[in-house]
Every structure is written in structure tokens, then in C-alpha cells.
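Below you'll find a set of structures to go through.
In the two complexes that follow, chain A is the common piece, with chain B as its partner first and chain C second.
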Partner chain A sequence: MEQFQFQIVIGLVLLLLGYFFGRYFEKKHFQSIVKREAELANVLVIASKHTTASDSNKPGMMVTGSVVISVDYFKRFLAMLRSIFGGRLTSYETLLDRARREAILRMKQEARAMNADRIFNIKLETASISKNASGNIGSVEVLAYGTALINVP
Partner chain B sequence: MLISNLEIIPGKNIIEHFGLVQGSTVRSKHVGRDLMAGIKNIFGGELVGYTELLQEAREEAVERMKQQAQAVGANAVVNVRFSTSSVTQGAAELFAYGSAVILE
Partner chain C sequence: MKYSNPKIPEGINSSEENPLKEFALLTTGAFTFIIALVFLLGSILDWSSQFIPFSYEQEIAQPFVDEFLNDDMSKLTSDSDLVASYLQKLADNITPFMSLEEDVEITLHYVNQGTVNGMATLGGNIFIFRGLLEKLPSENALVMLLAHEIAHVKLRHPVKSLSKGVLISLIFAVVSGQSNSDVTGLLSGTSQLAFLGFSRTQEQDADNEAIQLSQKYYQHTQGANELFKVLLAESKQANIETIALLSSHPEVLERINAVKALSQANNWTQQGELILVPSNIVERLVQDKLAQESEENIQDN
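Let's look at the complex of A and B:
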């Protein structure tokens, strides 16, 4: 009986920790994403693979960006509850959104570092390092890549 | 060597095709990293160790693809794609493939 109570207490502590820290980190991350997106707004990401004729003297170079982000304990608990009734798992939607935007930003940063302002043929790939089979880690791994056209002075 | 995921490199013609070249890798971090990821999972946020892992895996896959392209005598790899699979937990499995060509 006592052991059972102990487990409940541990569970509650984890939920609280997850709720407060998770919210704090997510808010901070979103703020940083919005800020950097504004900074890198002039690096265009284009999903088309056709470049324009005027780009013929610009060398292309592959750029990549990757990130692994995990969801917090509280959100995983919420998602678990939600999946009983079905419907949108909002807590995972924000996770995916953060991961994709972060990966694209990192790719843009790499392009900016090599003096490129356009990235063509962007592809997004989701990897699985910590496959959630045993349920101990809920995370998403995103890899973004594309071809940056470098401006030659 | 030029690596690009465009089919056509602007301003350059493809002189010769060598067909598909590929590189793949399965990498994992030590147990300590997995443990840290487990702890970080309570609070949420970026798992830096795994991000590194993904980056290393990508670099290695591309490196192997380049070696293969060099071996057949190409000077560029175009239309590169990445693909991932899942063999086991805690490991990054990456596969890079593209067409080896000679550009003028």
C-alpha cells in the first residue's frame, strides 16, 4: 500500500515538473524561433527544383539542418489521455511544429554562412532514433536539406 | 566534389551518368547519452546528444556516398536524397543516395 502511494507521489511530481519546465522551455523556444525567423527572412526557401535562368553562374551547395526535440512528461500524459477518446493531439502538434521550424532555421543559418540567399528543392525527413516502442522516450527527429545557391561577388 | 539535391545544376551540363551511388550508416551514442535523454524527456526540449548523433550519421552517410562516387570517377553527385529506417532503439540509421555524374 505504501509503495503504491509512493509511486503516485512520484508520478505527480514528474507531471508537475513536466508541466512547469515543459511550458517554460516551449515558450522560450517559440520566442527564439520567431526571432530567428525574422532575422533570416531574406533567406528564401523554395520547394521547387527548377532554378531561374539568371542563376546559371551561381554554384549550388547542399545545406542541411537537423534537430531532435522531446516532449515533456505532462504533455505525454495528456496525449495518452486524449488517445483514449481520439481527436487532435495538440501537445504533439506543437512539438512537430517546433522541430520542423528549428531544422529549417538551422539549414537557413548554414546557407547564410556561405553567402546564399535562396535554398531550392527543400526536403524534410523524419528520423527515428528513440523509437517510442517501449514508451520511455517521446521525441521527434527532423532533418531538413536543400540546395543553396551561392552568390559569387 | 559537388553534392546537390537538384536534378540539374544551373549553368552546367551533365556529360556522363554513372548511375546510383549510396552511403549508409547506423550509429548510436553511449548509454550515458540515452540516460540523459531519458531524464530530459521529463522536462521536454532539445535532446542535444541525439541531435549530434543525427548530424554525425548524416555526415558519415554523405562521406561514404562521396567515396563511392570518387571510385567510379564522378565529379559530382546530383539529386541526393536522405532516407531513414529504424533498425533498433537509440540508434540513428541514415541512408543517402544520389546520381553520380560528370559535370563539364
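Let's look at the complex of A and C:
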């Protein structure tokens, strides 16, 4: 039964690592996201397909932003418990919120680099990457793409 | 339409709530539920296992016993029948005092390995390892050990714990078909904990029977004290300490106290004359150990 004790200790250590580092990275990331959202606030992202009349003459190109974020052990454990009892998976919700906003920000950055300040018809796609053997997700990828209208001087 | 992207307030698509609260709530819930379930099922099985006839146990056990005895590792030679028949004779002497059921047969096996262990399995088969035999200081301690193992058989502990094991495996098979292995890991870990509780109760019950036998056979319980002294010394040598909740046996000190308590409650003598293990048996054990060690040296070189 010493082995069992060992397993419990390892499990707890992993959970603690996952929790502390996970929360730390998440907080840092959210701070960075809020800061950059303020910086890129004048690059507009619009979900509609139709451009305005004045924009329709501008050259357009596709811009994309993608991000892959990994799930930590603590989040995964919490999700596993939720899978038994059901309910809102808040641990993954924050993860996806982060990923979505980051992807949009990266797309905006691409647009700004191309001297565009409007992106039309944006779409988002989420995929889970590297499911491990037991079917838990390893990391999540969000892809944001749209048509940027370039300001020709 | 005028487009804009103003700053959207936080906390709509994600939750600001501390996940630790959720974690604590869910884990205690899952833990309690699983332990309660295992306990309930375990108790039901405990009660119903007594209806399995002893002859079934013997039939099931026979192929495993044969395999074990023929296994390379046991290295049983015809000479070791000396120790086995000595153990069997001792067992046959004490079984009349233990009020066993009519159909119960006790078969003793001597295993020539250095492991310090003794165990009772299905069908009344009891295996005593040389490592433990070597350490017993007297026949009284040996009788206490045999009585403990026979008590396991009398109380049908092997069949009870195996049925519980089978039931939980069945439940795993159902659950793991539906969800991922983390869940089965949680289930297996928590149910192991619950099983350890059952195991400790069983060990203490077997102890109690054995102490009573010690008293009936020798009119004193010193054999019990001797045996537990040996186990205490062994446990002190163990590399990793196991906390009581995670151990399959009660703590040795607790077992020693149980001897004292039971003896005092019944006014039994706790000290008395000790009979030594016959010298030819002791010699045989030493020879067996030397033979095994030299063979290991030959294999290593």
C-alpha cells in the first residue's frame, strides 16, 4: 500500500503545480490581452459580410490569427469531475475566452501590419489538439480569420 | 450602420469565481459518494458471500495452488515436506479448538522464499513463507500465526475480499466503457481506500480469534505477544512508513494493545512457558536459506 500513498502524493503535487502555474499564466495572459485590446481598439472587427460603400473600392486580403493554449492538470481534473456531475465547466470557459480573444488580437495585428483598419466577415474556429490516450483534450486551438480592407494612401 | 468595437466588460463569457471552491465541492462530493457506495456494496457482499459453499472455494483454488507450487520460484524439493508436514500437524492440533464448519479443510503449504509473509487464500490453503518462519522465536508464536490464518479461513475472508474485488472490477468495466480513464482512476483509488477499511477490520477479527485460540491451547497469550513483537521489529525496518488509513493491516501497536485488552477483560494470563520450535525444523530452515543464497550467488556470477 506504500505505492498507493505514493500515487496520491504525486497526484496532489501535479494538481498543485497545475493550479498555481495555471492561474499565474492565466492572470498574466488576461492582463496582456486587456492591454493589447486597448492598443488595437481602432482596428475594427466586423462579423457582417457586407462592406460599406466607401470601403468597397479598397483592396482586400485575408488575415488570420491563431493560438494554441494547453490545458493544465488542475483544469483537466476539474473537467473530469464535472463530466460525472454535469454543469458549467468554468475552468474551460476561461481557457476558451482567453484563446478566442488572443486569436482575434493576432488577426488584428496582422491587419494593422498590412495597414488595414477594418476586418470584415470574421469567423472563428475552435479545435482540440492532441487528445491524449484517454480522450482528454491536451490543448485547444482557436483560429480567427476575416477579410481586411487595406487603406491605400 | 456605424461600426465600432468598444471595450466589453469582463466576466460574461468567463467566470471570475475561484476554481478552488468548485474543486473542493466536487471532490468531496465524489469522494463521499464513492466511499458510501463501496461500503454499501461491500457490506452486502460480506453478508452474501457466506452462502458460497466451501467446496466451490476448493475447486476454484486448486488450479492456482497447483500452479503456485509448481512455479520455479518456490523451488520445493521433497525434503521440504518436512516443514510442511510439521506445519500441517500443528494446524491439525489447533483446528479442533477453533470451531470450524464441518466442510472446512485446512491445507498448509511451506514456501521456501525469503519473503516475510503468511497468507490464507481460497479453499483453506495457507501459505507460510520461510522468511517469516525463520523469525519466529517460539512454537507459541507460530501457533498464533497459524491460528490467525485459520481464522481468516473460518471467517471466510478470502472469498469475501475476492467477491468485493470482482464486483468493483465489474463496475469499472461498465464505467470505463462510458468515460475516460481519469474517472476510473478516481474510482479505483477511492474504492481502494474503502477496501483497506474492510481489510483492517478483517485482520483485527482474525487477530481476536487467534488470541482466543492461544489462550485455549496454552492457557496463556504470550504467543500472541511474541508474534507481534516480531511484526513490530519488521515494520520498523520498512523503508516507507505507511499511514494507518492507507494500510491494509491495523498498526502493530494497536494489535498488541488488543491482546492486552482482550486478555485483561477475560482475566487471561499474558505470560507463560514458551515451547521452542523443534530443532530439526530450525536446522531445515537454515539449510534452505543457505541453499537459496548460494544458488543466487551462482546465478549472479
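To be clear about the criterion, the second predicted complex is superposed on the first by the 147 of 153 C-alpha atoms of A that agree within 3 Å, B and C clash if a C-alpha of one lies under 4 Å from a C-alpha of the other, contacts with A are read in each partner's own complex, and residues count from 1 in each chain.
In this text, a contact is a pair of C-beta atoms (placed from the backbone, for glycine too) under 8 Å apart; a residue touches a chain by one contact, two chains touch by 3 or more.
Everything numeric in this text was worked out from a predicted model, so none of it was measured.
Visitor: Kindly say whether there is room for both chain B and chain C on chain A in the superposition, answering fit or clash.
Guide: fit
Visitor: Applying the touch criterion given at the start, work out whether A:V71 contacts chain B, chain C, both or neither, answering first, second, both or neither.
Guide: first
Visitor: When the two structures are overlaid on chain A, which partner does A:S83 contact: first (chain B), second (chain C), both, or neither?
Guide: After superposition on chain A, A:S83 lies in contact with chain C alone.
Visitor: Looking at A:T51 after the superposition, I want to know if it touches chain B, chain C, both of them or none. Which is it: first, second, both, neither?
Guide: Only chain B; A:T51 stays clear of chain C.
Visitor: After superposing on chain A, what angle in degrees do the C-alpha centres of chain B and chain C form at the C-alpha centre of chain A, to the nearest 10?
Guide: Taking chain A as the apex, chain B and chain C sit 110 degrees apart.
Visitor: Touch check for A:Y145: first (chain B), second (chain C), both, or neither?
Guide: In the superposition, A:Y145 touches chain B alone.
Visitor: Does the superposition put A:M61 against chain B (first), chain C (second), both, or neither?
Guide: Once the two structures are laid over each other on A, A:M61 reaches chain B alone.
Visitor: Quick check for you: in the superposed arrangement, does A:A41 touch first (chain B), second (chain C), both or neither?
Guide: A:A41: touches chain C, not chain B.
Visitor: Rounded to the nearest angstrom, what is the minimum C-alpha distance from chain B to chain C in the superposition?
Guide: Closest C-alpha pair between chain B and chain C: 14 Å.
Visitor: Which chain A residues are contacted by chain C in one complex and by chain B in the other?
Guide: Shared contact residues on chain A: 75, 133-134, 136.
Visitor: Residue numbers of chain C touching chain A in their complex, please.
Guide: Counting only chain C, the residues touching chain A are 1, 3-5, 7, 10, 13-15, 17, 19-20, 22-23, 26-27, 29-30, 179-183, 186, 189, 192, 196, 238-240, 242-243, 246-248.
Visitor: Residue numbers of chain A touching chain B in their complex, please.
Guide: Residues of chain A touching chain B: 14, 17-18, 21-22, 25-26, 29, 49, 51, 55-62, 64, 66-73, 75, 102, 120-121, 123, 125-131, 133-134, 136-139, 141, 143, 145-147, 149.
Visitor: Taking the touch rule as given, give the residues of chain A at its contact with chain C in the complex, in rising order.
Guide: 1-2, 4-8, 11, 19, 34, 37-38, 41, 43-46, 48, 74-78, 80-85, 88, 90-91, 93-94, 96-98, 100, 118, 133-136
Visitor: Along chain B, where are the residues that touch chain A in the complex?
Guide: By the definition above, chain B touches chain A via 2-11, 34, 37-38, 40-47, 50-51, 53-55, 58, 80-84, 86, 89-94.
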